[in-house]
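Down below are the structures I want you to see.
Both complexes below contain chain A, partnered by chain B and then by chain C.
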Partner chain A sequence: MSSSSFGTVLESITRQRGVRASLIVSESDGLIIDANLRFGQDGDRIAALAASLYRKARLSAGAAWLGAVAFLQLDAERGRICVAGGRGDLIIVVVAEPAANVGLIRVELLKAVDQLE
Partner chain B sequence: MIIASVEAWVEAPLARYVEEARARLALLLHPSGQVVAQAGFTRAVDVMTACALAAAVNATASELGRQLDGRAFHGLFHSGAEKQFYLASVAICDSTYICLTVFDGESSLGLVRMYFSDLCRELTAAAPQPVTRAPALGLDFERDLNKNLAALFGRA
Partner chain C sequence: MSTTDEIRQWSEELARDPASLVFLQLAEALRRQGQTDVALKIAARGIERHPSNADAHDLMARIAVDRGDFDRAISEWETVLRVASDHLGAMKGLGYISFQQGRLDDAERYLSGAAAQGAGDDVSTALDMVRRSSAEMTATVDPQESTDPKWLFADLLVEDQQTALLLDTNGYVLGGLYLDPDGHDLAQEIGAQLSGISDEVVRAMRHLDIGDWRSIVFETEAAVVAMAPAPHATLLVVATSRATPLGLMRRLLDRCAARAAGWLDAVREP
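And then the complex of A and B:
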């Protein structure tokens, strides 16, 4: 997939109301492949922490014989982080407002993951 | 994890960095290869070897950066089968140090880089302020010299 295709995938997610940032990240390295960030978002920090969270969740689910992780959501006081990954090393990370519609974001994220594969 | 340092102010920031970044080994050294602090090493000979090699790699990478980009490269990353290392320079006050971080699958390059930038900030805040020395030749040097000569040779 070319970097412009990554941009198209990210744009469809960032269009959702309440989305502050969307990033395509390498799960193993925690480094950004492509990102669509609003002013003031620290992309490197989000990517590193979200990739670490997702990796830990994937390993935990595997250890508990629950199978692959499709979607991860972290709700915090001032925002939420949603992560979705497929079979490869790439994951998609979304940072959203607390009031954002997670259902819509989840649908877009899972569609985007399909496009990455 | 064993943490030892030559400079006491380095110890707390380094301990926090190793803990947060889930590093296996960390080494802070002068570009000359002289160790400042280490975390995770159990034998002195390993520290000395790692310091010498890290200093050499840093010198090579810095010179390569200057040749290619006009200035030294900031960081260097190598990945092995299980372990990886990140080598980067830290500018503290008017000195430059090198930090070698060895990590495995428990961490990632992104996390190490993120906490490394925190380490740089903490070391800068913890470092003792450089002592400002008076100039070797003071503004009143000539006047003082004449006064002293006069006093010594009785021409006051």
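And then the complex of A and C:
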């Protein structure tokens, strides 16, 4: 998939209400492949931490015989982080407002992951 | 010989002779590796060729359990018992699912049948759990008043494959249980593996300006798992089948959190 195609994927996610940032990240090294960030968002930091968290969840779920992780959602006082991954190394990360419609974001993320593969 | 070599050898053997029963070993090995899609296809083709083979249906049932498809598992194990009424694996499997679904009479019937067939200590342990659970339900004991913390969440977990654990800061189990299809309580192992995720969350929270974490939910091939910080630095873990809607999962997490908070307050009182 070309860089501009990544941009199309991210734009469809960022259009969702309450999304502050969307990033395509390499899970193995936490580096950004492409990103769509609102002003003030530290993309490198988000990418590294989200990739690390997703990797930990994937490894722990595997060790607990639960199979591969497809979607992860972290809720905090002032924001939400959603991560979706498929069979490859790329994951899609979204940072959203606490009031964002996470159901819609989840649907868009899972659709977008299919497009990455 | 490594499992990979065995899988290759069995695949070649099955390609040479599609009617071979080696599909049982091949699909089982793939299932154990977590390749349930491939295992399912191989088992389904095997059943087409050997529709009366009880072990083939038993294998399909275990694959279905791994995929969280309990209706399919029940159907396959019921087929097994029609073909071989004394099949130990089918009785254990149906006993486990019945227990998870709160059908305690059915669970006791199947597990008693398995015990009568000479099943091991794991079945005896599971049967004891079912009987104690039945007795507690009959006596309508409030689980918060139950002395065994294994049953802390029992009355809240009413649908298939719902599980809840309360862990301390070291990942040790304080309450709840996690039964596998053979009736083993895997709470300690599952708790230890999953508790590491909360450490990673706490680390991430220190660097992301979004406040304290409230919950993390992740969807896997076999289950949906939710974790949340609980009072006194404990961690609540709730797992359900993938069939459980995510909104319902959140409500279950809230109910279990309230139960955990009440229980922790009670046990900490002098």
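Before moving on, here are some points about what is shown:
Everything that follows uses one rule, which is that the second predicted complex is superposed on the first by the 117 of 117 C-alpha atoms of A that agree within 3 Å, B and C clash if a C-alpha of one lies under 4 Å from a C-alpha of the other, contacts with A are read in each partner's own complex, and residues count from 1 in each chain.
Following the convention adopted for this analysis, contacts are C-beta pairs under 8 Å (C-beta built on N, C-alpha and C of every residue); 3 or more make two chains touch, one makes a residue touch a chain.
Please read all numbers here as calculations on a predicted model, not as lab measurements.
Placing chain B and chain C on a common chain A by superposition gives a fit, with no clash between them. Legend: residue contacts after superposition of the two complexes on their common chain; A:57 is shown touching chain C, with no touch to chain B.
Residue contacts after overlaying the shared chain place A:31 against chain B, while chain C stays out of touching range.
Contact with neither chain B nor chain C is seen for A:15 once the two complexes are overlaid on the shared chain.
In the superposed pair of complexes, A:49 makes contact with chain B and with chain C alike. When the shared chain is aligned, no partner comes close enough to touch A:111: not chain B, not chain C. Annotation: apex chain A, arms to chain B and chain C, angle 110° (C-alpha centres, rounded to a multiple of 10). Once the two complexes are overlaid on the shared chain, A:74 sits against chain C while remaining clear of chain B. Touched residues of chain A were counted for both chain B and chain C, and C has more of them. Once you line the two complexes up on chain A, you'll see the smallest CA to CA distance from chain B to chain C is 8 Å.
Put simply, chain A uses residues 45, 49, 52 to touch chain B in one complex and chain C in the other. Residues of chain C that touch chain A in their complex: 34, 36, 66, 189-190, 193-194, 196-197, 200-201, 203-205, 207-223, 225, 239, 246. Taken in their complex, chain A has these residues touching chain B: 25, 28-31, 44-45, 47-49, 51-52, 55.
Of all residues in chain B, those touching chain A in their complex are 107-111, 113-114.
Put simply, chain A touches chain C in their complex at residues 45-46, 49-50, 52-53, 56-57, 60-81, 95, 103, 106.
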